[in-house]
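Both of the next two complexes hold chain A, though its partner changes from chain B to chain C.
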Partner chain A sequence: MMTGNSVETHNLTVIYNKKPAIWNIDFTLPAGKIIGVMGPNGSGKSTLLKAIMGIIEPNIGYAKIFDKDLDDVRERVSYVPQRQSVDWDFPASVWDVVAMGRYARKGMLKRLSAEDKSIIEESLEKVNMTAFAQRQISQLSGGQQQRVFLARALAQQADIYFMDEPFVGVDAATEEAIINLLKSMRDQGKTLIVVHHDLHTAQDYFEWMVLLNTRLVRVGPVEDVFNQETLTETYGGTLTTLSKVASLLQEKSFPMRHK
Partner chain B sequence: MTFIREIISFFTFSEPNVKVVFLGSLILCAISGLVGTFTFLRKRSLIGDVISHAVLPGIALAFIIGHQKNVLYLIIGATITGWISTYLVEYITRHSKIKSDTAIALILSVFFGIGVLLLTHIQHTGAGSQSGLDQFIFGRASAMNQSDIVLFGSVGIVILVLTLIFFRGFSILSFDEGYANAIGFPIAWLKLILSIITVITVAMGVQAVGVVLMSALLITPAAAARFWTNKIHILAILAVLFASISGIIGSAVSYTYNGMPTGPWIVVIVSLLAFLSAIIGSKTGILKSWNLRRRNNVKILKENTIKLFYALNSEQPDNSGFQFSEIAENARMENTTLRSGLKLLRKEGWLIGNDRQGYQTTEEGKREARAIVRKHRLWELYISKYMHLQPDHVHDDAEGIEHVITPEIERELEEQLDFPKLDPHNSEIPY
Partner chain C sequence: MNDIWIIITASLVAANAAILGSFLIMRRMAMVGDAISHAVLPGIVIAYFLTNSRASFPMLMGAAASGMIVTTFIQFFNKKVKLQNDASIGISYTFLFAVGIILISFFGSNVDLDQECVLYGEIAYVPIDTLFIGELNIGPRQFWILLTTLIIIVSAVIMAYRKLVLTTFDEAFASAIGINVVFWQYYLMAGVSLTTVVSFESVGAVLVIAFIAGPPATAYLLTHSFKRMIYLSILIGIVCSIIGYYTAVWLNGSIAGAISSVIGLVFAIVFAVDLFKRRQVSRQVTQTSN
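Right after this comes the complex of A and B.
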């Protein structure tokens, strides 16, 4: 079982169009757990994930993964983007997409070895998509697309997985298959950070939770942070003064930090 | 007949200049097809249009500064203004309220307008009319000379090599930029290299097709190729092939009719290829749907014919051969159709025998007969249960649906109905 910190953020702030999308996010997450990131629409869940992984450059603050800079642990980090973020009409087969997971280690130039290929096959096996390996990706159902994305992440053989809404638009069977997969990955000591928005299943799926609404509302073990009070705080509305200040920043073009 | 003689003279390179025109068009079009594959896949078609219009002021400026038509200068000038235009589109989209479609229209017309102004100025000073700068609007491959070809060839090889090296990077960038970034691919560099390659390709390509039609040469080959394949490597190869064919034919026509602009011809040919691809190549294309219908009909005939034997076999289990008349008695099809059905089944190995000895099912044929009857009866049961239909209303539906049920769906039916023994007519469901 992995111990220690998986992710640590310091004052992490991302500004879109002069307005903070996430503001002063400060937390430490444990390793080897399934951690949910929850909050209403537009609360910055995806932005938080992308900022931690360096896909978006934070305007202020920084994030560390396994107590190191992202560039030093890149090989140990895997990402499952939102399914709708790509064009599934792209000319590629299921195999082609899962193979991308191996390119994380191979880089842009090296050829895939026999070992890579067997890892790709294993990953397909784990999400029950072996029969679809040669299928064109445009012919997949939503649940199958999500499985392909998961297989690609698995093929990376990483230690920490960031998943953006993996349960959106999938059938019940896929949802159950995915959560079982996540649990077995957790049992192997992997850390899973999952953006999710279904409150009904949250308690069953996650051990830890990050409640987010532009600012950090709560972070901690589910039993401590998931209750009526914190949910009201997260979903019930924005802090009026805080959002007023954010609007002022945007309107008046004030910088958030100055020398 | 002069036309044919001219065409022959083009393809036999009887004039030295012809080889230059031929090679030049081929190189420029092939590179456009290759690089355009990624413009197409990244959905940057309109950016291609911006670049191709924005190279015009660069060409004009290079001419004004260099005082003559030097292709290297022109390409450098074109690359610079083309590059600035893409940068501006991106900058405006990111840092203002203006959306990308507006930014594209804005930058395209501003750069093209300035280009036309400068070109007019050059022509008024006298030197321009002989220099053939107007050819950049519509392109004229015949204006190329040997040293141009050497330049195009060498730059083309560099672009080809770069594309091959970064093929994996460009592919993932086009499919899923966020993921490419997350796995540590140098996204910023990849984008930079790809856009430099694109701008240079456009800057060279305008020599053959002109600024107005250049974006068509960039996008259309890949769009046409997309109808034929689901593999990105083959897509790139086909795009190069389509572009090259159009380049060759276009330049041949332009050569044959003296003074005919090359660009429009190349674009007409490549568009024709795209149109044909849409009809023939795609799943909805005529050929594919004919083929599909034919295969479906064969499958239906085979299954309907073998089904006849299920009834015959269960009535007379140890019959050593059914006569044609016996089979035809229960068949709801024309005798000629039944004959071709029997022929198909013999070829498939489901039946043995002939009209004289009678027909008999093989083991495989028996299995297939059971399978189709099983699907038929499972479906009858399924719809009578879930669509609440009376038993006498389910047969016709099952007659059609039985042919389309896949093994997976069959398994689902069996599980949902809990491996039923009898259909709604109380006939046995054979397993």
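Right after this comes the complex of A and C.
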């Protein structure tokens, strides 16, 4: 099991059009855990991930991964972007996309070795997509697309994985498959940082949580930071979210769903 | 012999444009080719006035420079000003093209530069302008320029293939694994500038755009592999050049115009066949499910 810090941010601030997307984010996250990043729409969840990975240059502050500068640990970092962020009509097969996960390590010219190919096959197997290897990516369902993205990340063989809304628009079977996969990755000592918005499943999925609403609201183990007070603080006064919080707490005291 | 040279010239332009166009249309940037091909005008005019000659090299440099300027404008308006991509393209190139027109008209009509030629080119004159090594006629100047360009583009794309594909398909992921997305964008645009600049003299800006957008779009309908899409669009471009040339001869009309029309027709035919096939497949599916 990996110990120590996975991510450390200092005064991380990103400003879009004179409006802060994330403001003065300061935290330290442990390694080897499944960590949820939660907050309302537009609270800067994706921006936070992108700023940590250097996809967006922060206006102020910096982030460290495994106590090092990003450029020194690039090979250990993997990213699963939002599924809708790419054009799935791109002419490529499932295999082609998963192979992209190997590019980071192989450099850009070397041919894929037998080892690379077996890693790609293994990754496909872990997400149950072996049968679809030669399938055109435009012919996949939402859940299958998400699995392909996960397989690509697996093929990178990284130590820390940033995932942006991996559960959005996937079927129940895929959601369960993904969470099981994440748990088994965690058991191998990987760190998983997952943007998520479904309050109902949050407690089951995550061990740690970052509650975000442009500013950092809370960070810590789920049992410490996930309660009515912090959720109200995070989600503000909007009626729908407040009722969601209420129903959630009700559900907690009178469990209707059996696990 | 002249026929062969014209067809070879068109085919070389087609090959260059097909390779770059395949990337451009997948990046939804086909019209950037259009922008660059128009925006090179002020660069060419300025180079002409600075050197007072129509030598290729200074003009090429001027054109390449204004090609990069328009690319930078588009990038700037799109990323920094947050203007939509199409609006960024529209405002950037019309401005530069207009500046070029003003320059031409301002410096008088005695100038041996022709706006018409920039837009439509004159491929029929390609075989007349030949290169000599000593006494030996080694073929049209355009042929050698375009061949050199093709070698440059092919080797540049092969060397950067994975990076170009990755930044085309998934910019965020590419950036996360440490690829400089903006650099490769400019790299591709530099290739587009070079291709448009060396091509427009012979085939004109309009045919360059037709080659950039048409064959790759046709190939996109025919294959599910990006590599095959590139090969196919080169092939389609060449076939269209041949058919277009003989159509022009037959009709005694503009060669560039005929080739552009054939590119459009080929796309329409492939699209119709594709649509028909899909209908049949869905009919079979509904029949079997009934």
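Note that in this section the second predicted complex is superposed on the first by the 236 of 259 C-alpha atoms of A that agree within 3 Å, B and C clash if a C-alpha of one lies under 4 Å from a C-alpha of the other, contacts with A are read in each partner's own complex, and residues count from 1 in each chain.
We adopt the following convention: contacts are C-beta pairs under 8 Å (C-beta built on N, C-alpha and C of every residue); 3 or more make two chains touch, one makes a residue touch a chain.
For clarity, every value in this text was computed on a predicted model and none was experimentally measured.
J.: For the combined arrangement obtained by superposing on chain A, do chain B and chain C clash, or do they fit?
T.: Superposition result for chain B and chain C: clash.
J.: Quick one: is A:93 in contact with chain B, with chain C, with both, or with neither? Answer first, second, both or neither.
T.: In the superposition, A:93 contacts both chain B and chain C.
J.: Report for A:172: first if it touches chain B alone, second if chain C alone, otherwise both or neither.
T.: neither
J.: Just chain B (first), just chain C (second), both, or neither: which does A:114 touch?
T.: Neither partner.
J.: Out of 132-140, 312-320, 330-338 or 384-392, where does chain B collide with chain C after the chain A superposition?
T.: Looking at 132-140, 312-320, 330-338 or 384-392, the stretch of chain B that collides with chain C is 132-140.
J.: Which parts of chain A are in contact with chain B and also with chain C?
T.: Looking at chain A, the two contact sets intersect at 50, 53-55, 71, 74, 77-79, 81, 85-87, 90-93, 96-97, 100, 103-104, 108-109, 136, 138, 152, 156, 162.
J.: For the complex, which residues does chain A have touching chain B?
T.: So the residues of chain A touching chain B come out as 50, 53-55, 71, 74-75, 77-79, 81, 85-87, 90-93, 96-97, 100-101, 103-104, 107-109, 136, 138, 152, 156, 162.
J.: Which of the residues in chain A end up touching chain C in this complex?
T.: 17, 50, 53-55, 71, 74, 77-79, 81, 85-87, 90-93, 96-97, 100, 103-104, 108-109, 136, 138, 152, 156, 162
J.: In the complex of these two chains, what residues of chain B are touching chain A?
T.: For this pair, the touching residues of chain B are 41, 43, 165-166, 168-169, 172, 174-176, 178-179, 181-185, 226, 229-232, 235.
J.: Taking the complex as given, what residues does chain C use to touch chain A?
T.: Going by the criterion above, the answer is residues 26, 82, 159-163, 165-166, 168-170, 172-173, 175-178, 220, 223-226, 228-229.
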